[in-house]
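Below are two complexes that have subunit A in common, paired first with subunit B and then with subunit C.
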Partner chain A sequence: MKTQSLSGSDRYPVHDSTSRRGGYGLKPGLEYKKIKRTGLLPAFVCCGLLAAAFPVADMAVRSERYLSLPDSPVSILLHADWQMMSMLNVLLLVVAACILYHTEVSDNALLKMCSLPLKESSLFFSKILLLIPMLIFTLALEAAALGFCCWHWLSFSPEALTELAYSMGFSLLLLLPAALLSLLLACACKNMWISLGIGVVCIFTATMLPADNFLLSLFPYAMPFQILAGMQKETITGFSTAAALESLGLCAAEIIFLKIRRWSA
Partner chain B sequence: MYIIETKQLTKSYGNFAAVSGVDLHIPKGAVYGFLGPNGAGKSTTMKMFLGLAKPTGGSFTIDGKKYPENRVEILKEVGSFIEAPAFYGNLTGKENLEIVGRILGLPKSAALEALELVGLTPYKDRLARKYSLGMKQRLGLASALIGRPPILILDEPTNGLDPVGIHEIRTLIRSLPKQFDCTVLVSSHLLSEVELMADHIGILNHGHLLFEGTLEQLKAHAENQGYPTDNLEDTFLAVIDADNRQRGGIR
Partner chain C sequence: MKTRLNNLDTDARQSRQTGRNINILSLVRVELRKTRRSGIQWILLAADIILWMPSILNAHLNFGMQAEGISPEHNFLIQGFMGMAWFMFPASMIVVTVLLTQTERSNHGILKMLALPVSTTRLCLAKFLVLLSLAGAQMLMSAGMYFVSAAIASHTRNYPFMLPPLFVLREAGLMYLAAVPMLAFFWLLSVCIQTPVFSVGMGLASIVPSVLIINTKLWLTYPMAYPFFVITAEYGKLATILETAQVELFPWIPVAIGITVVCLAASCLCFGRAERK
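Up next is the complex of A and B:
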């Protein structure tokens, strides 16, 4: 151990106000560094591939079932396979949120983070900013598989591509409340298994809710099961507005929760 | 000039006062030893300085900055090690310090420098969860020292270290005010260690500050009260025992 003057003492000024800056800023890059060796990235790739394989396998096995349907190719595929694909997406979100906070809690790193010049809420928002590109990647894999199915078994056109892009964008928007709620639960529960359990129960509850009831479909874990294709304009607006409001509400809930937790410590 | 000053600092949990009306005065450039039995309120006081616990009464300033208005500004100046080593087990020692360094806006070299300071350079690429207890403790210290903060708050920094490690950490802490022009607030159960590294002492019992001053002042105070003055341990035990008896035998 060295106790003498350090050779690198001229690298940055001691006690200069610029030497330890810190601050409130969001740092999704830092969150990306933290997930090293957690298996989160492979989980997103594997889950994306698994979900993408679903429509391909379905079409390979029973394409004749769908060939005579009058709807657009994207609508046919989504109505046939999206329930399973979205179930995998939501399950992935719950697991990802648990892993993200488990790395913070398991070896007490969160305590260190809280004693650094950083807002605890920025950790949460950085994590959601990290989750979004990973979700986009997963949805892109799924879109590629759906596009392939259109091209190979049905009919592929520029309109189908646009419809697919809109559907994936809509799904991303509807996945946001589930992602935020999963992160909020993971942040609130120090034991990863509790937040994972609550998440899984919420997913299964969502699958049991009647799909034709608009209000019940607004449950954050039920929304990702909605399909844009064939949906009426006002329903699309309703779901989009609800997803945006739920997201904002969950962000506000997280900030309030963190404040209460800090002040009651 | 006091770099950390508290006025009637209090922290209560329901009816239980963990810290009760404490007035601390920590001079700039000092190594301030914070002593007290388990549950005396040392860690709670340190947690309040870091914004990890909210004071229920009183106030404190760190380097002239008031809490809670300047919480982030205060944390920019404080390196801390509280309770137990805190790290990301899935990352290496170097990666852990790089994360802390990035949050503090430090250059990448700061992580290597901190690792060198605590003697972890040979193990910098090993996963933190595979570190021994002593190595985890050193990693925690490195994350407190990174960026050479002007104020260091160390809660039981020698826990889990072997005698050689304790000696090394003690020498390091003792050298910090001269080396980095910083102030160190250190709590420890090892009274002999505190005697060797601290020049100011604060004794806390049941949330109350029983004594504050230099080691010489403590000796003079102990002689006045008729307490033993052979070593800090005997004096400390006598001060605590007298306070406990005054409180009706509460231990």
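Up next is the complex of A and C:
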């Protein structure tokens, strides 16, 4: 009985063969276990609720200012409140990225992770895979609040719902480069205050950039502030391609960075 | 190096002799020495450089402010300081609080500090004084960068943007004084909340609504809005046509002092409590 349980794979779980050979074993589930006690999940919920409170409070206080506007309800709401909401999203993103790597660095856990038969970059990609569902959840909370505002104060129609869904999808796509860059910075800096400080300075830079310059608004931290409603078709494709390209570029940069760090260490 | 070690040694000997009465200034000196190699000064400097860059590039916009009735050189200064008071200064102060708490939590440095015959209240206050001095350093760097950028803008636009140094320092000093309750609040957050995501997240999230809050009566109870409110009030003073809410010293000063004292007292009570458990 004893020998059976020791030799059995239930006692010492053997992972799939790719990870033993050092492949890309992506384990967002394992990353989820690591963040259990960091309070990251409640933080995402709180941030989503806080950001969702902005349009509701705004409409509750001064709805008469928006009722006469000619645009679609979603566009009115986004133009009124999206700056604040996206600011909260990006701030949360930076903090979350810092915490995700801080848990690894704080007690030299990263060194142990590096000695496992795992590619270091798979850690990064697992973390981003964990971050994306949490971002989707936050955006869904915000979308629900915007939908509620449409229904309660402005007109509500199925078109508004699809417009809202498209806007949130677009926002998620534009958040990706910022998420990847924050994670890259958090991975690169051993001390949390350095990565947090660089992130804060970058967000501040994004708020200072002129809004009418297309090239400058492609800065990863400036993109989440864009609003889909009322945007030209070419601009939408421009932003989407730029976000996709930046994301791919940042993934490649992360892999190269880890290789160089490994070699030079 | 030798003399420094000797200094520390005499500090320690004095503290052993006098029990818990180590001089707070020497504690501040020790704490400042810990931050020396943290690299925080580069982040603060980078923030200040980025703050004034758009002002140099967009210096011509300062000439179109006739509607507000503010002179171009005053507008140049106030716009920069407003950008600083709204987001950059509070956010970088949160980064500094992270630095002050996290450097010692890694490798359990704080446990060693708490084991010394030093009163925890003094230790907490010494760290808060370091926060204040880093805030002052950032304010001074920002004022210094103002002079650099005003000189560059004066050169490129052929217009004297430079204001008298005393006036600039007075504005920076006002903003700094108004920021003290906010700093006390951030310090309370970072000392009392052990999970970093909440102490940092709450601090950063509390900055965002300050733009909305300065337009309401609630600003009085919201220390994160104080620096921005003071700078907006100064803007209203300098712009002859524009009217902004002015600072009324009577209810504000007692409330600000109250908030500072309560936050500091609470953080001194909380300091090291989690480690001592």
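To be clear about the criterion, the second predicted complex is superposed on the first by the 242 of 265 C-alpha atoms of A that agree within 3 Å, B and C clash if a C-alpha of one lies under 4 Å from a C-alpha of the other, contacts with A are read in each partner's own complex, and residues count from 1 in each chain.
By our rule, a residue touches a chain if its C-beta (ideal position, glycine included) is under 8 Å from a C-beta of that chain, and two chains touch if they have at least 3 such contacts.
This is a predicted model, so every value here is computed, not measured.
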Which of subunit B and subunit C A:140 touches, first, second, both or neither: neither
First (subunit B), second (subunit C), both or neither touched by A:114: first
Dominant contact partner of subunit A by residue count, subunit C or subunit B: B
Partner chain(s) touched by A:69 [first = subunit B, second = subunit C, both, neither]: neither
Which of subunit B and subunit C A:106 touches, first, second, both or neither: both
First, second, both or neither for A:207, with subunit B first and subunit C second: second
Touched partner set for A:263, first subunit B, second subunit C, both or neither: first
Partner chain(s) touched by A:33 [first = subunit B, second = subunit C, both, neither]: first
Subunit C-contacting residues of subunit A that also contact subunit B: 38, 106
Subunit A partner contacts - residues on subunit C that touch it in the complex: 38-40, 43, 46-47, 50-51, 53-54, 58, 83, 87-88, 91-92, 94-96, 98-99, 102-103, 105-106, 195-198, 200-201, 204-205, 208-209, 212
Residues of subunit B defined as touching subunit A within the complex: 47, 50-54, 72-73, 75-78, 80, 82-91, 95, 98-100, 102-107, 109-110, 113, 116-119, 127-129, 143, 147-150, 168-169, 171-172, 175, 179-182
Touching residues on subunit A, where the partner in the complex is subunit C: 38-40, 43, 46-47, 50, 84, 87-88, 91-92, 95-96, 98-99, 102, 106, 191-194, 196-198, 200-201, 203-205, 207-210
Residue ranges of subunit A touching subunit B (in the complex, touch as defined): 1-6, 8, 11-12, 14-15, 17-24, 27, 30, 33-34, 36-38, 103-104, 106-119, 262-265
